[in-house]
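Okay, here's the structure, questions in a sec.
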């Protein structure tokens, strides 16, 4: 059994931005040849993160961006780069997500999409997609 | 190798509620026939989430409910349904959890239980349980 | 296929502390004989958690500790032990992490390290490391 991996590259366009990357990850799943299984999505950055939430209304992404912008306590930070709040926002959402795949695409709920959350952009970013399990979906 | 999945259905009873669903997930693990391995729990909703925390004292669940109710900054939200804070609370906890299974049940710490966190109920909800790995536990 | 597990023991030294445990987990990965694959890291405690973030500048860890110390709303908590904020901080970061392994070590971004976050110490703590997948990394 070999560990299959695919890298996705993104360009963010603002200091803080929430991008829907469901289509990009579904394209990677296609490239990996995975029909049914489980994938690990890993964000190798310390000021960006992944999450799943409502994708139908773009207002939700904008509300996310603005709420996270105020989520971290306004204390005096030591880290000299000045982006400590971005590091902490990224940790709140987390660096990795494990998601089911059915019929060759992320098996999400009706309203769900996958978000890439930029907290210290604009930057060139990447996401690593790994096949964790491959199988034939058998629902009970 | 086939991908095994079991759906769990829940009814929440309040706008905000924290339910201990350890027993329901252990029943699903039994139905899946898994003795030792790893499961993926996925919440296909955008205003509810899963977490693991203390289950011995029900006060902790109530403290969770009340703290999360105030966790999100009180900004003016754009999303017309008015439940943007519920979306953000769900994302803070996250849509999926990967957990170990030993001896046919979730392998949790002494005080831990699995919580389903409702942030926009009451609703009928579901959790998807996938077998990620099956094996014989060999501890070192 | 057997499920391989390794336990790591830690001693925390303060009520709130952020420790870099990348080296300890890499040692566990070596002991498990894993070269390329995916591991599940599970924290069996209800007032401590795991995350990945910048490890190059120790100031980031200190900023984390201080920001999380103020992250939870100051409400009146019911749980008699008085450590409800610690439970909630742990849930915000989450009890488990799934991470890729390449060339016998955690495959992290350039600036990333693995943090153990103590919110109710000092205590003797443990982390459970499970091999989820083993394979030969083939990047595309």
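In order of appearance the chains are A, B and C, and numbering begins at 1 in each one.
By our rule, a residue touches a chain if its C-beta (ideal position, glycine included) is under 8 Å from a C-beta of that chain, and two chains touch if they have at least 3 such contacts.
Everything quoted here is computed from the prediction, not taken from an experiment.
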item: Length of the shortest touching-chain route, chain B through to chain C; value: 1
item: Interface residue overlap between copies chain A and chain C, same or different (over half shared); value: different
item: For chain A paired with chain C, centre-to-centre distance based on mean C-alpha positions, whole Å; value: 19
item: Residues within chain B bordering two or more other chains; value: 92, 94, 98, 132-133
item: List of chain C residues in touch with chain A within their complex; value: 36-38, 51-54, 57, 59-60, 62-64, 66-68, 70-71, 92-94, 97-100, 107-112, 132-140
item: Complex interface listing, chain A residues touching chain C; value: 1-7, 31-32, 40, 42-46, 72-73, 75, 77-81, 84-85, 87-88, 90-92, 94-96, 98, 128, 130, 132-133
